[in-house]
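Structures are listed in the sections that come next.
Across the two complexes that follow, chain A remains constant while its partner is chain B and subsequently chain C.
Coming up: the complex of A and B.
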């Protein structure tokens, strides 16, 4: 029989199998911890840190998507400290990239009263839209660097390894080998990256063309 | 410039084939030495030979600032842009010489620092310096001082300490003593000494070793972290350049303690002189039977490989350093698992700082009791301090823990330069805190500094006189973190950038009334939610200044 771990989440005692993450343990009892980069079918990397929670005895906040439960753990998922971190992350994000096409980000910003103008005069991470293949377009000025596309292109699904990260820090981008066009890479146009993109940075070309047409009409 | 010749490539790459991906950085270094940059065809060739996907090779090339994807038009002189080197505006380079601004090169005691081809250059003597200097004839000799001379006993002589000289100074008797003990007895000695890590985190060394020794996997590694990149630090560079066997002895003892078969030294690429010195010292040790099979006929076999970094401060973070040795982008891992359970190549690993390892032979030579008699009760032994900035004698100082900051600055370093008054001292490093004149009598120990709210860190003491504009210094520290953030977690990737933008407004006198609150929100979020120590400490110096001199962050009154 699988070992069960008892812990407290938001003042309620819950028992879950050993190896469960705090995120999934909370889910068991109906508490939804917000996430951005997390996707059920991708490896969790605790990048966005929107899922951070307070764990008693821990110096810093703990990312619920990767942290495993332990016996007697006391977790608080919605304290002022947690809310403040989530809000600031969202506000800094909105000052960096175009989140207008990202339902996930917009909904969370509303939930946390995050203001898109909290950090004025910010240098945004802008780049030109890349239209280099018949299947999809890439608009990295909408990319929040959740890593999902790179992961499904690699060991999480397709094993094509056509894309990866380039640069580092704030200047990190998703790119190909020496910025080659996608048609000159190992890309097989499986479309999984487009499917997991949460922000509209990757979009089927046909959808993008229709949107462009709509925009042209309304202009 | 002629086109790169592809025919030169394959003999260079052949040696890296077998090891696979872990050879990615060494192979890229070899290609860059060959062509001056990483041409696309060469990167493709490396990918094929090491069986690494093309996009991932490019990901690695573009992560590390040392690697170039385009040929450099002309040879350039690298000039340090960090605070100690820019106090008086930095170096005035004559027209016609290409200048490349680089982060701290670990030459703060000789500020302002410059280098050509990674070799520190004394620009005042010969700006055109472009040839490799022979090991015996280095131009710089750091000032070494202090109240004791234990770790630094062979430093500052202007030459590398040979194996013969090191042994004459009592070297390798610590190793002989260690090999007569069982590993548990040895670890007990290190625990009893009270030694804690000198890289900044102050974790008890013996406890770390014990944890790795208890791991179930029998393949284990020990690593010397020589990626010293904290602006203001140069202690490890001097230890390695002047007395390489000291670190090597410590690393062999660490290997024996935890039952490791192999050790690595990961050294920042900027320390090219130290790199050569270590390679030579390892050869000396192998020839003398101190390293390799059956060390000193004890039956213990162990060898050491040296790896060069490629320009990434974050690789000083232990898990990012593992990733780098494994041939990946230097991104910190999520902990747990901790290195002592799953470190390099997923195996139990002990990683110690250069200075920490140099303490090990001393503990074994004189015994834990004699060792811990120095210092305070909670901070045992001696500590190296890197003095730079506005003092009469910048340099490396060795002191038993417990002396005051005032003693270090006024008595040992000769007090303030240029007959100006003391303004502030940045202690700990870029990820440090400021000490005011009122805090000069604080004792230099982990416990005293902690209660004063100033991290001792890796032992940086960067002194600024009363005329210095702290705003400029804070802006540069903010820029440093933004440039060195790996970009993995959102709080640090975004927060370090937002900090720079606000600090620019502070310097320009354009501060918005909300900016101080914004800075503290960013600080709180980075400290609380970042993945590693870089993000968690990237706001520390700024918040330390804000606490001591809040007026810096309010709008200028003089209308400028």
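Coming up: the complex of A and C.
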């Protein structure tokens, strides 16, 4: 029999198996904590911090996608402090990358009244679209570094290890070994990465060409 | 970003894994393919073919109107018409009438033995069922076959002999429950990529141990505990030596052998000579590795064997598969979750096409044709007069091609397949097709074979029609119409029903065999009336997911694991084995062994994959040559070589790579320019009639004055090759 843990989320007592994350415990009782980098079928890494919640007794906000429940824990998923943190995160994202193609980010920005012009002095991370193979294009100016593509290319699915983080700090981006074209890497073009990309940074080439055609029509 | 008008759930049209696809559609065009992460077979993962390969539907080469050859084609003088200028457009009525007129005329003049057809492992169950029904019920012939003959016929015959069934015993996803598993004759990461992901996860996450037995150092070797790099064609001595060790060291499961099998003593006696030393002398595999592999497999709690075409595609393909079956019988590693005998099937519906009776010795449901009870059953279902169906076993694929000519097969109807690319000894195949009196082709493209046809009937692609596919682990899944077919292309089942009605009218049969179907669901229900395993299949049941056959009744939940309590033939049958070398071994002149196979990006006869963006990714055949041989012959990477066998010669770019072993070259068979099957041997297994694609003797030379230099695409370095 699995050990059950009792905790309180948004003033309601809930009992879940030990090892459950706060995110899934909340989901049990119908509370959906917003996420961006989290994907149900990828390893969670708490990178984007949009899922942060307040846990009583904890000095800092806690990422619900990785933090495990503990007995007697008291969690608040929607306090002013939490909302403010999420709003700021979204505004920083919108200030640094092109989120126009990401339905998830746009929806959350609306939910949290986030303004894309909050940080006018920010420098956007721009990069050229990479069209180096017949299957999909990469536009890293739309990348929010959620890590999903890297993980499905690795142990989460494919064991191919064609892409990874490269660079440090502000310069961090997703890249290939020595920045080679994808056809020169171990890439097998399974497109697992394209399927989990939440922002349109990775896109089937065919879809991209159709969009370009649409744009040409409306221009 | 594009917003889809709709998202249609269907099944992948490529390999036998049967991944769920969600087609994102805007303006009747597919622009993105995803898969739900809860999908039963693939858990949301796809390979390059499933994810991106669908765009053959939009190839400019696609034929969308019925075509008739401008010039009348005569037997012996038939020519290949690659250019559309040699064809004229026709109405459906004209094209279908021509097919019905000519086939009926040849049948009435020369009888059933003049009729031959190839059905198709890419088409749906319903279409395969209809195709064989036309030839059996109307033309009274069993000359009905499809590419299963060229793939797993050796496995099918061996499994029928030993257990009385011929499919994977367990779901592929069961690999997560394996403690030990053998992969042999399967380049799983390229041919069944999604199954290979589950294998990798079983090893990396659950600690399962993998034994790879293969002539090539395939990618799965990176994950293997043991790698037995054998010479091509040495499976029987190698696996029998494992059986020898299991017997000598008493590692077998006596209880299982006593309760579930027969023929043990005679079999055990025949294993006496297969010592590890003897196996080493033939296979080149260190005897210690063979002993370790035997102990590892026999000592596992749950062990399974996965194999693909490296096992059956030999003149001793049946024996090869039998040597694997014996290992499972000896150790009792069958009939439970996480165990089993698992032939990985190559095409999306090769299991279903076989189940549907597109085979010369069997009615649907593996019911032999030379059995009175079976014939009477189908005479009843097809409304054929008693004694009307032909009881004589028909010719197989390779036999049909061989029989073309005066006094033999005079007419062919080919749905989807591409024998000029896929049959061995392609020059001979071309010569045979030139002899036909009439040839009707039904496909999306005028492939290398259809160029010889008189009539071309344009078919709808898989996303443009309804039906079912049965995947490699026997899951019957729904294929759904997502977009409209272009031009006047029609679903195969509609074309076939239409052709059948026209033929039946011309034959003036007093009673109709029934060709009025309003939906393919009615076809599979008709098939279920004669095939108990499919009796419970209903389209509405498939709406919520696939069903694993056998599904004997409409409330039966399906059968994911076979043989839990008994085998279909009762007890599992051991068969004594002898070693037979391949039909053609290297000699002084033809000093290399050629083995053929697939690559990740291409599939089947290449008809579809070469018309898609997959071809941009892998655009020409590359021959794998070991660095030692390359150094000796003076070849560098990307250079053009001339490769010749006793049957033909091709020019091909060389890939210098350690994946193959010295003295062995590998060529993928999809490419019309540098077609591997110009070289291969059409010697066949005497029981399964499967050709020996995996071993023939060739010589490799500098081409002198190359005719292909400048015509072959430029060499591009790929990271993964």
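By definition in this document, the second predicted complex is superposed on the first by the 219 of 219 C-alpha atoms of A that agree within 3 Å, B and C clash if a C-alpha of one lies under 4 Å from a C-alpha of the other, contacts with A are read in each partner's own complex, and residues count from 1 in each chain.
Just so we're on the same page, a contact is a pair of C-beta atoms (placed from the backbone, for glycine too) under 8 Å apart; a residue touches a chain by one contact, two chains touch by 3 or more.
Quantities reported herein were computed from a predicted structural model and do not represent experimental measurements.
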**OP:** Would you mind checking whether chain B and chain C clash or fit side by side on chain A after the superposition?
**Re:** fit
Subject >> Partner chain in contact with A:172 - chain B first, chain C second, else both or neither >> reply: first
**OP:** Could you tell me if A:185 is touching chain B, chain C, both of them or neither one (first, second, both, neither)?
**Re:** both
**OP:** Take the Cα centre of chain A as the vertex and report the angle out to the centres of chain B and chain C, nearest 10 degrees.
**Re:** 120
**OP:** Kindly classify A:49 by the partners it touches after superposition: chain B alone (first), chain C alone (second), both, or neither?
**Re:** first
Original post:
Between chain B (first) and chain C (second), which, if any, makes contact with A:135: first, second, both or neither?
Top reply: second
Original post:
Is A:93 contacted by the first partner chain B, the second partner chain C, both or neither?
Top reply: first
Original post:
Touch check for A:198: first (chain B), second (chain C), both, or neither?
Top reply: neither
**OP:** Mind working out whether A:123 is in touch with chain B, chain C, both or neither, as first, second, both or neither?
**Re:** first
Original post:
A:34 contacts which: chain B (first), chain C (second), both, neither?
Top reply: neither
Original post:
Looking at chain A, does chain B or chain C touch a larger number of its residues?
Top reply: B
**OP:** State the minimum pairwise Cα distance, in Å, between chain B and chain C in the overlaid complexes.
**Re:** 11
Original post:
Both chain B and chain C contact which residues of chain A?
Top reply: 162, 185-186
**OP:** Spell out the part of chain B that touches chain A in their complex, as residue ranges.
**Re:** 40, 43-44, 53-59, 62-63, 69, 312, 329, 334, 482-491, 493-498, 501, 505, 512, 518, 521-522, 524-525, 527-531, 536
Original post:
Which residues of chain A touch chain B in their complex?
Top reply: 45-50, 52, 60-61, 63, 66, 81, 84-85, 88-89, 92-93, 95-96, 118-123, 144-145, 154, 161-172, 175-178, 185-186
Original post:
If you look only at chain C, which of its residues touch chain A in the complex?
Top reply: 1-2, 26, 29, 31-35, 37, 43-48, 51-52, 55, 189, 193, 197, 200, 204-205, 600, 613, 616-617, 716-720
Original post:
Which of the residues in chain A come into contact with chain C in the complex?
Top reply: 40-41, 101, 103, 133-136, 152, 155, 157-159, 162, 180, 182-192, 194-195, 200, 204-207, 210-211, 214
